[in-house]
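The next block holds one structure in the form of structure tokens; read it before the comments.
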Amino acid sequence: MLETRGLCKNFGALEVAREVNFRLELGARHALIGPNGAGKTTFVNLLTGVLAPSRGSILLEGEDVTALAQAKRVKRGIARTFQINQLFRGLTVQENVCIAVSERLGVGGAMLRSAGQRADVLAEAARLIEMLKLGNDTGRRIIELPYGRQRLVEIAIALGLSPRVLLLDEPAAGIPSAETHILLDAIATLPKDIAVLIIAHDMDRVFRFAERITVLVSGAVFAEGTPQEIAANREVRAVYLGSALDA
Amino acid sequence: MRISRILKLGVVAASFAAVAATAQAQTVKIGVVLPYSGVGAEFAQQVDRGMQVFMKLNPGAFGPYKVELIKRDSKNPSGAEAKTAVQELIAQDKVDMLTGFIYSPDAIASASLFTEAKKPAVIMNAGTAWITNLSPMIARVSFSMWHAGHAMGEASVKTLKAKTAVVGYSDFPPGRDSLDAFKRAFEANGGKVIDAIPMGGPGQVPDFTPFFQRAKDRKPDVFFVFVPSGDHAVAVMKTYNALGMRQGGIKLVGPGDLTPDYKLQGMGDEAVGLITAHHYNADLDNAHNKRFVETWKKDYGANATPDFMAVQGYDGMAAIAHAVVAMKGRMDPEGTMNALRGWKFDSPRGPLSIDPATRDIVMNEYLSEVVKQGGRLVQKNIGVITAVKDMCKELKEGKCK
Amino acid sequence: MSPAPDALQRRHRFQWWELLPWATGLAMFFAFPNYLSFGTQLLVTILFALSLDLVLGYAGIVTLGHAAFFCVGAYTVGILAQQLGWNEPLSGLVAAGLAAGIVGLISGFVLLRTHGLTLLMVTLCTMTLLEQAANMGHAWTGGFDGMPGLSFTMILGLFPFDVLYFKSQYLYSLSVLALGFVVVRTLVYSSFGQSLTGIRENLLRMHAVGAPVRGRLIVAYGISAALAGVAGGLFTQVTGYVNLAVLGLERAAGVMIILILGGHGRLYGAFVGAVAYLVLEHLLAKAYPTAWQLGLGLTLVAVALFARGGLIGLFEKLRGAR
Amino acid sequence: MDPVSILLGGLSSGMVLFIVSVGLSVTMGLMGFVNLAHGGFAMLGGYVIVLAMKHWGLSFVPALALAFVVVAAFSVVLERLLYARLYRAQELDQVLFTIGLVFVMTAAVTLGVGPETQVIRLPDWLRGQTDLGFMTYRTYSLALIVVGTLLVIALWLGFERTRYGARIRAAVDNRRMAQSLGIDVGRLFTVAFALGSGLAAVGGGLGAEILGLDPNYPLRYLVYFLIVVAVGGLGKVTGVFFAALLIGVLDFVLKLYFPKGGTLFIYALALMLLLWRPQGLFGRKSA
């Protein structure tokens, strides 16, 4: 589905991605883990087109999208969330989701009809808001919400794009543990043919969710396999997992 | 909504009927439009004070008639503000006449109103030559850029014996008018203008060095400079001296805007030797001027000096007084204009009159040189050209046709 | 209590108090027939500020050069009338809007690659360039002396421009402003307007939802420029005069200040700001004729420090606190 | 026309631009604060000099030093009381605030001193012409070139060779990183702001001979200062220096040879430079 070949990125002498060969299969539930500074977010930025790779290529369903602009990749079905919330802070939850949905439905540039009268957009937004249990906050502005709830809006926006590939950059970070189930439920109800790549720190959850795990260290793929394989991999335990797993 | 009432800058009612016994209650309303705030405030002050000194020195000038001055701020030289002020003075305050107008755009924008409403206007400064052609209701007591420019062109050849000249001018209408006027007269008398250098817009005082460097390299006999009166002039003197142009044998000449009277002392010795042509300077030697300057210094401080704008305010009031008395306080527009046509007056600037044909001023142009006398800088009279008309209209140049 | 989910629909619906400005505008016409000249200038200023609101308030493009488009519109009408004798007012306004809109699209295409300080600078440079060009082309523009005696035919063939009493001019300007307002209101409440707000609020996210950000900005810039051009054309028509003073930093900064004072990105900020600014200016000019800038400056500093969102923002806050 | 005098003329006006603008560049680069009131500090400096020379009989050079101290101190007060509240505000609020501040400064000077242009009397040794051996040239221009050169060397050394300079550079490059390294960025800014404003004051005084001095000074030259900063690159001392010289010389040459174009060229040039390199001619491309 989504594939990288020999992906490299450096900032001057600093290499943040080295020869990354990576495959995300159709319907995959894939996790990307690695220590801080391993280049996980950089990798997402490369996939979505925020950054241009220094070398290598990115393929979506076998088609080279390396040179494609960010917006065009979104149109082809790559959506993401950010590690640090990137929301329209002065707008309401409803408006936040509507903006994403409007773009997906191709009416983001429509000038004549009031956004409040786009029944299709509003219905879709309402569905997503309900799904993420944000119904009570629909009309509230982002800055009025606690961080955890904002996190859910972040997910709602990504889902509003009806992605085929969904890249979740530490989606659970900042959500109180009592509410993480909302997030997990939402992910669980995603259509099966969506490929999901989740970057996470919470190993426990990763191992429950993921069917496949890639370990990134210093910008390079260190290991890849099923959760069992990764858990059993001594080297991985040595460089990274050790403490996290024991904890 | 009280916005509109707030608009009035201030209504200053002034009664100058010295003879308290007059029973005549005819009040003539005069709208005064000047830039009381903003960059032109200094000019407005000169004109305003000139008007006041006239009324103080000539308490009986209006005869038995009462005159009410309604002052309005024209702010920036956009024309639009002035036009709004004029429109409201006419529609609301029902003025009989209008006066003031420092900036040419203010007079130009308002001209159609004078015609439409049939309100005579006495222009106290605005110097673009063709302003008087815009409306039959306009009479001008100030000057046109052609008065001094043409006089200086003539005098440069005849008096200063110059053969070549370079002109430097601020690149806006008065500057271009000055260039045309000087060049026309200078070349008509056998001289040759070898370069004309636009020196930036009037809005800001530029660094004159590159322009003056260019002029210096051309080695002309005279360097004629027109810049807006005031701050530009100080910078001109500085640069002229700093580049050593005087030692290079290049005479700096220009209209009197180069030597604004109230800034003259501040220019220092660098101004000595500067030659200008103008219709007024505070050092003019006549009885009227002596009294004018004396009163000015008494009222506004020993360091205050009237300049050409001040005397224009003075003469403007004189013209209005003449019209009021001639019309016996009933300001029929045609009659008022007829009264102004051919009006003669002995002003601090010498004898002047209004040309009946063009309604523009006819006056003397004085050629003067800045000299040091008793520790002060003084403008020494070195020649007079009498009864100068606006040569732009006489010669039917450009827009003056 | 959080607002109901249909808040968006309700907010975009026309509300009774939105008639107030127009009712006031009409009431002014009957109540102060002698002050219509000032009123007309006020209406033109509101339209100009409204056009700026679209880019500055909604799309978050911080520009200091918006006077350039006002100027293009003003000179389009002036030059058409003076050089070609084209003095039918309505088509003149259309021409002004078109000319300014085209200039807006082209300059937007070139300038909107930059942002922040650089954008501030390039817009400022563009405006200054235009100012210089207008002075150099004084054979066409009249430079500082401007174009005197411009006259226009009757509006719709029915109402003559009266240079002395601004009755037709006032109503004409009020109608044009109303029209312009409908355009802006429709735009900002549309999905397009929503996406502009998105760009202002979070550029990164806007890219990530797949919006063609630059294209949207250029279109918004072009529309806004066209409106500013209409305001400029209107200015020339009602004043019957135009000179170089339509340009320059003071005018550009002035309209920006008006908008921010009223509250940018708030649709009615332009109205409140223009009225407040002009009243303030006149009040202060009356009290301190030569230094009204002091009071104005202090007011601006106070607004920047304590009243983000301008006067309307302040009003919203007070209402919210109650 | 001889190229040397053209070069000298352009360099001297470029030096003035540099001295005034360098502080603006540092503060804008450091805090990302759009300080449109910077020219106001230059103007205040000029007025301090005028008043000190007139009323206290100070001579030119001590008056310059006094202007630096007074304006720097005044700017610290403003910075702590007002500017600091707006560091996290939107660009727009900063623009509004600083324009308001310019109005206040302009009005205060108009009320207190008067609307007219002030003349700073230069000492005799700075007036007239100096014989350079191969040519004579305006003494003051030569002095400006010397002062500007010394200043840029001093600033360069200060930035590159002292700990404080290293901190400022670090903070310009990456503020968050600098903070996490334990640098007190707030205090750093206060110091840089005071230094920048003080330098502006000196520039206002030194430049009065060329740029004039009156209450409308801050707005009149704002565009020029901003162009220098934008072209030079934010927070780059040497960048601002070369940008100022480049603009000074180009402006001079263009005015000399094509006076008809007015200042058209310099704006066109700045526009093209900024579109070509939005981060400035000497600025580093941000990642």
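We call the chains A, B, C and D, going by the order they appear; numbering starts again at 1 in every chain.
In this text, a contact is a pair of C-beta atoms (placed from the backbone, for glycine too) under 8 Å apart; a residue touches a chain by one contact, two chains touch by 3 or more.
These numbers come from a predicted model, not from an experiment.
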item: Core chain by centroid distance, with centroids computed from Cα atoms only; value: C
item: Pair joined by more contacting C-beta pairs (B-D or C-D); value: C-D
item: Distance between the centres, which are taken as Cα means, of chain B and chain A, whole angstrom; value: 74
item: Cα-centroid distance, chain B relative to chain C, in whole angstrom; value: 37
item: Whole-Å separation of chain centres (CA-atom averages), chain C against chain D; value: 33
item: Two or more partner chains touched - positions in chain B; value: 41, 171, 201, 203
item: Junction residues of chain C, two or more chains touched; value: 132, 135, 250, 290-292
item: Sites on chain A at which at least two other chains make contact; value: none
item: Touching pairs among all chains present in the structure; value: A-C, B-C, B-D, C-D
item: Footprint of chain B on chain D - complex, ascending; value: 1, 5-6, 9-10, 13, 115-117, 119, 121, 127-129, 136, 138, 140-141, 209-212, 214, 216, 220, 251-253, 255-257, 259-260, 262-263
item: Chain D-facing residues of chain C, complex; value: 56, 62, 110-111, 113-114, 116-118, 120-122, 124-126, 128-129, 132-133, 135-136, 249-250, 253, 256-257, 260, 264, 290-305, 308
item: Complex contacts: residues of chain C adjacent to chain A; value: 2-5, 7-13, 186-187, 189-195, 197-198, 201-202, 204-213, 215-216, 219
item: Sites on chain D touched by chain C in the complex; value: 28, 34, 82, 85-86, 89-97, 99-108, 110-111, 115, 219, 222-223, 226-227, 229-230, 234, 260-264, 267-268, 270-271, 274-275, 278-279
item: Residue ranges of chain B in contact with chain D within the complex; value: 39, 41-42, 171, 197-201, 203-207, 209-211, 213-214, 217, 230-231, 234-235, 238, 241-244, 263, 266-268
